[in-house]
Amino acid sequence: MFEIGLTHYLVVATLLFVMGIFVMITKRNAIGILIGVEMVLNGANINLVAFNRYNGMGNIDGQIVSLFVIVLAAAEAALAVAICMNFYKNLNTVDVDHGDTLAG
Amino acid sequence: MTLRLKKILLLMTPLAIAMFIAAAPVHAADTDLSLSDQGIQTSADGGLLEALMFYACAGVILASGLAICLSKNIVRMAVYLFGTLAAVALMYFLLLANFIGVIQLIVYAGGTLILLIFGVMLTSKSPWAKFEVKRSELIAAGVVCALFAGMLLFVVVNAEWPLETDAVVVGSSMTQFGTGLLTNYLVPFEAISVLLLVVMIGAAYMARQE
Amino acid sequence: MTQFSVPWKQSPPLEYRGPARGIVALARMVYTMATPIVSRFPGPILLGAIIGGTLLVWAHWMLFGFVETIAASDVNGAAHSVWGQTLTTAEIGAYLDAHSIVASGILKYLLWPLQLELLRDLVGLGAIFGLFNLIPVYAIWWERKVAGRIQSRMGPMRVGGWHGWAQSFADGVKLVGKEDLVPEQADAMLFRVAPYLAFVPSLLAFLCLPLGSYWVFRNVDVALIFIIAMVGVEVVGVIVAGWASNNKWSVYGAMREACQMVSYEIPMTTVLLIPIMTAGTLNMVQIGDMQTGGWFSWNAFHNPFTFIAFITYYIASLANCKRAPFDLPESESELVAGFHTEYSGFRWALFFFAEYAAMFVVSALAVTLFLGAWHTPIPATWAFEEDSIVKIFLNGVLFSSPFWFIFKCFIFIYIQLWIRWTLPRIRIDQVLYSCVQVMFPIACVALVGHAVWMVLLDGTVFSDIIRWILGLLTAAVTFGFLSVAAFGYRNGRQMVGYLAVKQLPGA
Amino acid sequence: MADTIAPTNPADASAPRQADVRTEEMLVNMGPQHPSTHGVLRVVLRTDGEMVLQSVPHIGYLHRCAEKIGENVAPYQYVPYTDRMDYLAGMNNNQAFALAVEKLTGLEVPERAQYIRVMFAELNRIASHLVAIGTYGLDMGAFTPFLYCFREREMLLDLFESACGARLTYSYITIGGVTDDLPDNFVDVCSEFLDYFEPKVDDYNNLLSYNHIFVKRTGGVGVISAEDAIRFGLTGPVLRGSGVKFDLRKAKPYEIYDRFNFDVPVGLSGGTGEIPRGVVVGDCWSRYYVRVKEMIESVKIIRQCLRDIPAADEKEGVCNKKCKTVKLPDDEVYMEIENPRGQLGFYVKGDGSAIPARVKARGPSFCNLCVLEYAGKNCLLADIPAIIGSMDVVMGEVDR
Amino acid sequence: MSFEEICQILKSQFGDAIEETAVDSCRPYVIVSNDKWTEVATFLRNDSRMAFDFLQCISAIDLLADDKLACVYDLAAMSPLSATENMSYVRELAVRVVTDRNNPQIASVAHLWAAADWHEREAYDLMGIDFPGHPNLERILCPDDWVGHPLRKDYAHPLEYHGIPGTTEHELKSPRH
C-alpha cells in the first residue's frame, strides 16, 4: 500500500485517459472536447514518465518523448481554438452537432 | 527623549536591520563554481511521504477529472482541468522528472489552459452557456468507458512489467535533456519546431477576419 | 407619504457563536491591553520587533547550521531523514561535550528534533510564508509613501506613529473585517476560488527563490523555469476572477490580462535564456554564485546583448506582473477596477498580496540573473578568513548576504513604483505592438548576438573592455541618480501646506 | 460587425484600426458610476472586443430643475443657483447670469467691480483648467499631475476665500457688481501667486503634455474637424482645439475685455515648434493643450487687471445699490460669455415683475457633450475616457 | 449686416411668413410663422447672404397668456474659418417660432444644425414641444417614464415618483408658475 510502484501510476494514468475519452464523447461544446483531448494526452504522458522512472535504464528517453507530447498538445490546442473561432464565426455556435453543414 | 535623539535612533533602524541580517552571512567565496549541472533530487527517497504525496496527487487528478466529466459549465471545466494539470505536474516531480513537471506547468497550465479559457470567452454568448446532453448518450458513453477502463485496468494490474527495481534512479538533468534533444532526437526536435511554425501561421490565418 | 424601502437583501448583523465568541473576546482583550502600550511607545516597539525578528532568523540559521555540522560529523553518515535513523540525544550530548559547549544537558534535548527534515521544512515554510506576507505589507506601505513623495504630499502618517509604518496592518484588519460579498449573478464557486488561484502560485514561487547561497527552501535544478511558470500560472486566477464576477468590466480586465500575459511571456522567457546560456544551468543558486567577482562580473555587464536583455526583461516583467504603464487589466479609468471590480475584503486583499509578491519575484529574478544576486559590488576574493564571529559578520556586511539581495530587490521594486506614479497608461494596441514588434525582435537579436559573442569573443580583451565600459556606464548612471535624489531631498522638499502658507500670507 | 459600420470618423482615416478577431458584440454601460465619466454621465457603448462601435451618452442623472427654480426667485436670489451648475467655474457662471440681467435691466456696474469680475473670472478659469488638466491625466492613468494641479488650485481657492469666504460656490459676482470689495493686500498676494504659478505650467507640460505615452494616447484620437465643430455648436477649448480661433472675449468683448491684450490659443498640427509629432488638429491632445495655453493667457489678463484696477471708491462701492430692487421689463435677452468650458449663455425673459418669466442656461458642456456620439465611434475602449476627458464636461451643468 | 437688413431680406424672400420683427427689444428678434419655418431655416442656413452656420441656443418659452408655446433660436454667422486671425460673429439673429399650446409642433432643424439635436430634445422633454423630423426625439433630462413637462407654467408637481416623495406640503400651498 505504502510502497508506490509503477502500477500505481499506471492506474491513475488509465483512469485519467478513460475520463478524457468520456469527456470527448459526452461534451457538445467544441472546447469541452478539447479539454477531453488534453486529459487523454496527460494520461498518456503519465505513462511515459512513469515507465521512464521505473524502467528507464538510466536514460531519459521517456521524458523527452513526453516533452514532445506536451509541445504538440500546446500546438494542437492553439490550432483547435482557432478552428473553434472559425466555427463560431460561421455558425454562431460551438456546438459540434451543428458542424455537419457543409455550407459553412 | 528629545526629538533629535529620536530622529537619530530612527535613522539607526535600517542600519540595525542591515547589521543583524547581514550577521548571518553566507559569503560565496568557497562555493563550487563549476559549470556542471548537478541533478539534485527533490523528492524524498521513497517511503511514507512519497506514498502520501502520490495519493494526494492521484486524488486531485481523479477528483478534478470526475468533476470535468460531470460539470456542464465550460468555464468550470477549464478550472477543474487546471487542477488536473497541476496535480499531474506534481506527479512528474514525484517521478523525478522535474523538467517535465515545470514544462507542464508553464506550457499547459500557463499557456494552453489560458488559451482554452480565452476560447471559451470568445465563443460563448452568455457566461453560463450550457449544452445539454441526452441521458441515453450519457449512459451509453458511461458504459463504454467503464468497459474500456475495466479492460485497461485489468491489463495494467495483471501485466508483468520487467521492473529494474534495483537500477540506479537518477533525476533528469538538464545536460541529459540538451544532449538528447540535439543527438538522438534531433530530427523530431526539428520537425516539431517546423510544426510549431506551421501551427502559428495556420492559427493566425484561421482566426483572422476576412 | 410613502416609505423608502431598500431593494436589496439585508444580512443580519454578525453573531459570534461557539469558539468564535471566545476568539473575539480574546482579540478584544488583547486590543484593549495593547492599544495604550503600542500608542505610547511605537518607535521602540517597532525597533524591538525588527531587532527581535532578525535575531530570531539569525538564531534559526545558526541552529540549523550547527545541527548540520553535527549530522555531518556523524560516523555512519546516516544524515537526518524524515523518519529514518537519527542521532540519539546521547550522541548529540557527546558531541556537545566534546566541543565543551555549556548546558549540554538541556541543549541536547532541544537540538534533537531539529534534525528531522519534516520539522525543518515546517520551520522553513513558516519563514517563507512570513516573508511572503511581510513583503507585500511593506511594499504597499512603501508604495504609498513613495507615491506621496512623488506627488508632493506625505502619504500615510498616522497609524503606528513613525510615518504610518503600521498603515498596512490597519488596512489588513479593515479588509478582513469587511463583508465578503459575492454578486448574486456570479458563479459563486469560481468567484470564491479565484483569489486563491492567484495567491498560491505566487507563494509557491518563493519556495525556490534563493535569498542567498544557502538561504533557499528547495534548491531545485529547474528553479528558474519553475518561478517563471508560477508567475505565469497566477494569471489563471485573474482570468477566472474576471470571468466569474459576471461583470463586463471584469471580463474586459480578464481578457486583457490573458492577452498581455501570454504575449509578454515570450520576450521575457527569450531574454531569460541569455543568463541561462552564460551560466549553463537553470539552478538559481548556481547562477547567483557565478557572479561573485564584484560589479564587473555581474551578468548584465557581460556584453552589450546581456545589457539589452536585462532592460528588455525588466520592461517585460512590468507587463507580466501588470504594473504601470502596463496595468491595463485593472486600469481604473477605463475598466473601473478591472478583474477585481466585484471583490471586496479578504479576497481582494489576496489579489493584492499576489500582485506585490509577484513584483518581488520578478525583481528577484532580475537581481539573481543579471545583477549579482546576493553579492555586493566588491569582489568576494577580498573576503576575510572566517576565523572569528566578527569577521563572519563583516563578510556578511561587505560581501554577500540575503540583506543585499533584498536590498537590491527593493531598489527594483522602487523603480516599479516610480514608473507607476509618473507615467500614463498605454493602450492595449500599443501594449501588443511594443511586445510583438519591438521587444520580441530585440529579444531574439540579443539571444543570437549573445550566442555568437560567447563563441567568438568570450575571454578576449575586447570582451573585457566592453564589460568595463558597460559597468562604468551603469555605475555613473546610478551615482548620477543618487546624487540628483540627494540634491532633491535637500533642496526640493516643498509641500502643499508649507507653500500655501508661505505664498499666501493674506489668505 | 465592425466592417459594416461606415467610417464617419476622420480619426479612422489617419489611424485605421480593425478588430482582428470577430467576437460577440456587447452593450456595455459606462457609468453613471464610473471613474472616468466625471460625475454621473452614462455612456452606452456597443463594443466588439476592445473596439467601440457606437457610444450613446445618456444624461439627466444630476437634473435639479435649475431653470424652473429661476422662474421662482428674484435674480439676485438666483445667483447662488448658478454656482451649482458648473461647480468648477462658479465665478464665470455668476458673471454670465449677472451680465444677462444687467443687459436686460440696464443696470450700471462700477468700474472697479468690473475689474474685479474679470480678474476673478480669469482666476476661476485657471482653477477650472487645472482640474481639467489634472483629471485628464487621471483618465490617462497618470495620477501625479492631478495632485500637482490641485496643489495650485488650493492656493487659488485660498484667494477666492480671502475675497468672498467661499471656496467652491462663491456667489461673489452678483447683479450689479460684486458682493464685497477685495481684501487690502489682495493685489500683492495675487501677483505673488501669479509669479509662483507661471513656471508651474512648464512642470505640467514636462510631466504630462509632452510625455511620450500621453501624446501617443491622445494624439490623433477623437479628431473633430473645424467644420464639424461649428456644425455641432461646440465652443470653448473644444472648438479652439479644432483650429477655430474663436473666443467670445475677442469676438464680442463683454465687460472690459476689450481693454486687455491677450492671445487666443488654438490647436495646431504636430511636428512644428512645441507641438509633438503625432498630434492632429482637433484631437484630444489639442483640446487639452489649448487649456494649458489658456491658463498662461489668463495670467496675462490678471496681471493687466492688477496693474490697471482703479482704487476703491467709498461712495460708489463695488455693487450697484439697486441690485435687489430692480424690476425686469417685459422683454427678453440672450447674453453669452466665455466660460472655461465654452460659451455659457443665459436667456432671460422678464414679465414686468421682479421675478423672471423664463431663465434658460445654454451650458457649454451640454452642447459639447452631444459630439461624443459622433467622436466616440470606431475607436478603442481606452479612447473613450480620452475623448470624454478632453471635452471636460461638468455634469452639474449638463443636467442643470 | 444689421438686424434691419436681415429682416428686409427675409421679408422680401418670404413675405407673410415673417410675422413680426421686434426691433425695439433689448435683443431684437423676428417671429417666423410656424408652417414656413423649415423653409426659412434652410434659407438662413444655406443662403450665401445669411449663412448662419452656428446655432447657439434653442430656448423654449411658455406664453401662457396667449395660450402658446414658442421656441427662440439664437443663430450666428461666423467669419471665415481661421487658425491665425481672431474670428467673430459677422451677424446674429434671434428667431422666434410660435406654436399652439395644445398640439405644439415645430419642424426640427437638426438636419441643418447638428447642435439642434440635444436642444430640441431638451425642449421636448421640459416644454413638451414636438419636433417632427427629429431623428431621436426622446426625453433627455427627465427619466423616460416621467409624466408631464416640467417647464410649462401649468405643470403640476407629482406627489410621488417610484416611491420617492415629490414635494412638500408647504410647496403645495404656494406654487408660483
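Labels A, B, C, D and E are assigned to the chains in the order they are written; within every chain, residues are numbered from 1.
Going forward, a contact is a pair of C-beta atoms (placed from the backbone, for glycine too) under 8 Å apart; a residue touches a chain by one contact, two chains touch by 3 or more.
Computed from a prediction, not measured in an experiment: that's the story for all the values here.
Novice: Give me the ID of the chain with the smallest distance between its Cα centroid and the all-protein Cα centroid.
Specialist: The chain sitting closest to the overall C-alpha centre is C.
Novice: Which chain pair shares more contacting C-beta pairs: B-C, or C-D?
Specialist: Most contacts of the two pairs: B-C.
Novice: What is the distance in Å between the mean C-alpha positions of chain B and chain C?
Specialist: Going by mean C-alpha positions, chain B sits 23 Å from chain C.
Novice: On a C-alpha centroid basis, what's the spacing between chain C and chain E, in Å?
Specialist: One centre to the other, that is 64 Å.
Novice: Report the inter-chain centroid distance for chain A and chain D in whole angstrom, where each centroid is the mean of the CA atoms.
Specialist: Those two chain centres are 61 Å apart.
Novice: Using CA atom averages as chain centres, what separation in Å is found between chain C and chain D?
Specialist: 45
Novice: Among the residues of chain B, which are close enough to touch at least two other chains?
Specialist: Touching at least two other chains: 47-48, 99, 103, 111, 115, 118, 122, 207.
Novice: Provide the list of chain C residues touching at least two other chains, using ranges where the numbers run on.
Specialist: Counting only residues that touch two or more other chains, chain C contributes 255.
Novice: Among all residues of chain A, which ones touch two or more of the remaining chains?
Specialist: 85
Novice: In the complex, go through chain C and note every residue touching chain B.
Specialist: That would be residues 43, 46-47, 50-51, 54-55, 57-58, 61-62, 82-84, 118, 162, 187, 189-190, 193, 197, 212-215, 218-222, 225-226, 228-230, 232-233, 235-236, 239-240, 243-244, 246, 251, 254-255, 258-259, 261-262, 265, 279-283, 286, 288-290, 292, 374-375, 380-381, 383, 386, 392-393, 395-397, 399-404, 406-407 of chain C.
Novice: Okay, in this complex, where on chain C does chain D touch?
Specialist: 147, 150-153, 248-249, 252, 255-256, 324-325, 327-328, 331-334, 336, 421-430, 496, 499-500, 503-507
Novice: Mind listing the chain E positions that touch chain D in their complex?
Specialist: 25-27, 29, 53-57, 59-62, 72, 74, 78, 81-89, 94, 113-115, 117-119, 122, 126, 139-143, 150-151, 176-177
Novice: How about chain B: which of its residues touch chain C in the complex?
Specialist: Against chain C, chain B makes touches at 6, 9-10, 13, 16-29, 31, 33, 35, 37-40, 42, 44, 47-49, 73, 75-76, 79, 82, 86, 98-99, 101-103, 105-106, 109-111, 113-115, 117-118, 121, 127-128, 171, 173-174.
Novice: Which stretch or stretches of chain D touch chain C in the complex?
Specialist: 17, 26, 28-29, 34-36, 49-50, 137-144, 147-148, 151, 154-155, 158-159, 161-162, 183-186, 188-189, 192-193, 196, 207-208, 211, 213-214, 216-217, 380-385
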